[in-house]
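In the two complexes below, chain A is the common chain; its partner is chain B in one and chain C in the other.
Presenting the complex of A and B:
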């Protein structure tokens, strides 16, 4: 790879600075004993203690993670099958139609989706709560997974499948031993994107939460009305650190897998 | 394929562990026996200790949820799906909810602590006889200002906002009723005026305020005033209290021509599945000690006379937040003007904002 020019490096540094400055600003003030973000009075950990003492906040945080993990897992499973279905649709017009329907869901505003779900759930008598939030998160994640998996499928040469079939692979073998391993990077990308979508979705979730079930985005939004308390800073800092840890862990895990030479994937 | 299955199983295990954790935490905080109620309140608008205290006293488990606007709250109640037992809307929202048949009448016999409420705050135009609502917190609209940035200027009259020395210094809250109301008040008219010529006069007067206005914004006002990015703001007393809590330089005044008196009230929505529990909760919140504790936590003005007696006289004697009798007489509660009139207010407010651009 060609080395970055000096100007390129400066530009890159500036971009990263802008991206991370708000987060570090927020984390910095989570240690402020002053109680606000206007001036730094001294170091304290009391806001972190407040997070751990607030059972309600911890429950909400755990709920948020459960919904995010489960919904992205399920939507990845559905989305991958959907994408395979779309690619193997013979009729071109039909394929484009299905793809467009999928894309419409991605571009349509969250509020519309949220309000529609609220109306649907109350009409068919589903109690708002865990189930309604999970279902709507699965629903808005599926199109995202489809869009992430599709390019991988399209780039796969159809002769791979023909070769497998010639060698006597059953349909099931083709799916589990040829197609899925090939599109695996796409599947993981889809999963992680669905995960982040679910974690930070406010608009849809707001409409379908109820009966004591809430997620972080909804909770923080209504807390923020009375001015951001530093408890939110502390909580955000914790989430940031955990995420950072996961990414670093994933990176090392990958590096090791590669150097040990277990066949790459 | 193997790694995908492994990952999936790992995720499921993590979810199961978390679910177990949630149910364990919920069990430890839940008390059994007395059923449960769901409270729907503004964010950061109650002392969480009071909820625990209520649970211990009554054995009723409290599910607590928050909203950030009257409109959002009404939508969720109207659609059902959650059995909200107590909600805290503002006065105009109560009128709307009454019209839309979203409320259950309150049985005042089940709320003996109603006697603690100052009669001045009962039987108001938005809910005659307090058939559907019980006051929770109240406040006024006034001027928050920072004397250190202003060379000791004071704000006894709305007209002080028009002072030429305040060029580009005034922030006003982004609300049609508040701003047009200020225009009407400054001319000595009622802020519920339906008179076209009065409204026109008020709007024309507001337009001359243009050069002084720095911004027309919402909740961000608090943060801007705290950081001394602005010197003067037209805002609610509750927001002013939030500012003063952090920045001691800030002062608040309700101009003598009069202003708006606002309320947040406790109501029992139609979705309630535990009406008795809801009454018990409302009664608990009206208890003198509970109300005093809550007021100290939230920092808004309480309508609870008995609580005021228990509180620090320095707080309750503060005329900026507990205005004296003669000023109170000039405060007005918003009346429901009807959709058409509200449209006119909104249009005039828009006209004023557009004029500012020039």
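Presenting the complex of A and C:
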């Protein structure tokens, strides 16, 4: 294969610059003692202090984290069971139908998910706020978990289960001692992905959040609409670090999932 | 494994499908036939085909087309050259990382960059063009959208280019084809699936954006997504909002069919707002 040309290097460098410049621009100005994103007056940590002194913001941050953790835990549980069920569906047509239904929420635009959930919650009488946000996050995370777990299940040899059954394992034992340990890397990858999607989501949450409840992205949206405040910059620097940690975590589990898969346990 | 009875552990999952996949679609369909007072009506559909909404749909498609076009234009060479780098998986990861940063934050950054005193304008005055109103224009809207969507275009194109057998390219060269000819007749047709997945991952979200239009385009650009958000949360006309949503879903299916492909690889890991 041909090596990378000079032109290619320059082009790639330019693309990387454009991709990262806005992010570092935001972080850079989070240390600005002036109040704008256009002139750098001096180094300060006051905007970070402002983030941590703002009780309202801290509560919103807690809300966001709680919703993310709870929703990804619950969606992982439901998603894993769902994926196991799909794999054991013997009717091919039925399995394809369930899979298509599973993927609808992944491909649907967020506005549609948000709007339709808003109708649903109003209709069945769920009060908009923590409950509606949590339920929505669980709902859009489940298909992601299924997608992450399914390949692990499919590559698992059915003789493992047959062997366990022959040796007298109950269905419960098969699930907890054979299937779950085997697909564990997929489960963790699904959990991490659900977590990041929940932390990241704005559009769906924006629709189903009531007046009293807010998550970080909804709050940032209303702050950004009001104009530039360097508190957002400080917040975004913090979020950048957390996101980076999650991405690394996700790739770590995904990588392990791959090596376990090809290593043939 | 015997599995004749419907297993009990599937109940939560099926319940989820019924409540959060099937019911919402049915409800959107149902609401699209309701007027402001909750009476059954076909007015929303009639309204939709009035000039205002048709123009809105057309402009939404035009913007989505431009965004997709520029994304391909930038992403294709990037993906191509990425496959030639030494540690390509690492570089690919670095391309993907910005796509994990919250959309709002990236959009917010551009409020500063494109602002009247921001670096973009400083650059323009240094090279002698002078300060311009960049924010709240079509240009800023398309630029920021392309910026947001580039990673989602690069990833599938990279995957399909990476799968390409280099022997085919060598063969084409040995047979006397020029670089351009090789690209046109060998590389492009073989990697077209990546472009299709990329179009799928960019075009549909571009139709339904509302964050960027609100923050960067200053309500000048209205996409289908912006219109739905407007109808649901501002005007509180859920019926009309649902009707637009019905059409958005319809367009989504048409685009998916048009860009659909037999082997379903690549495109599974991504999701764009």
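Odds and ends about this structure:
The rule is short, and it goes like this: the second predicted complex is superposed on the first by the 214 of 265 C-alpha atoms of A that agree within 3 Å, B and C clash if a C-alpha of one lies under 4 Å from a C-alpha of the other, contacts with A are read in each partner's own complex, and residues count from 1 in each chain.
Definition applied: a contact is a pair of C-beta atoms (placed from the backbone, for glycine too) under 8 Å apart; a residue touches a chain by one contact, two chains touch by 3 or more.
For clarity, every value in this text was computed on a predicted model and none was experimentally measured.
Of the two partner chains, chain C is the only one touched by A:236; chain B is not.
Of the two partner chains, chain C is the only one that A:117 touches; chain B does not reach it. Of the two partners chain B and chain C, more chain A residues are in touch with C. Within the superposed three-chain model, A:224 lies in touch with chain B and with chain C [touch as defined at top]. After overlaying the two complexes on the shared chain, residue contacts for A:55 are found with chain B alone; chain C is out of touch. When the shared chain is aligned, chain B comes close enough to touch A:180, but chain C does not. Shared-chain residue A:36: touches chain B and chain C both. Of the two partner chains, chain C is the only one that A:12 touches; chain B does not reach it.
In the superposition on chain A, contact is made by A:90 with chain C only, not with chain B. Counting contacts as defined above, chain A residues 36, 38, 118-119, 206-207, 221, 224-225 meet chain B in one complex and chain C in the other. Chain B makes touch with chain A in their complex at residues 1, 3-4, 8, 11-12, 14-15, 18-19, 21-22, 25-26, 28-29, 38, 42-45, 48, 63-68, 72, 75-76, 79-83, 219, 222-223, 226-227, 242, 246-247.
Only residues 35-36, 38, 54-56, 58-59, 62-63, 65-66, 69-70, 73, 118-119, 121-122, 126-129, 132, 176-177, 180-181, 184, 187, 206-207, 209-212, 214, 219, 221-227, 229, 265 of chain A touch chain B when the two sit together in their complex. Chain A meets chain C in the complex at residues 1-5, 8-9, 11-12, 15-16, 18-20, 22-23, 25-26, 29, 36-39, 77-79, 81-82, 84-85, 88, 90, 98, 101-102, 104-120, 123, 139, 142, 144, 147, 158, 161-162, 165, 196-197, 199-203, 206-207, 217, 220-221, 224-225, 228, 232, 236, 239-240, 243-244, 246-247, 251. Remark: chain C residues 1, 3, 7, 9-10, 12-13, 16-17, 19-25, 27-28, 31, 74, 77-78, 80-82, 84-85, 91, 93-98, 100-113, 115, 117-119, 122, 147, 150-151, 166, 204-205, 207-208, 210-211, 214-215, 225, 228-229, 232-233, 238, 241-242, 245, 248-249, 252, 256, 268, 271, 273 touch chain A in the complex.
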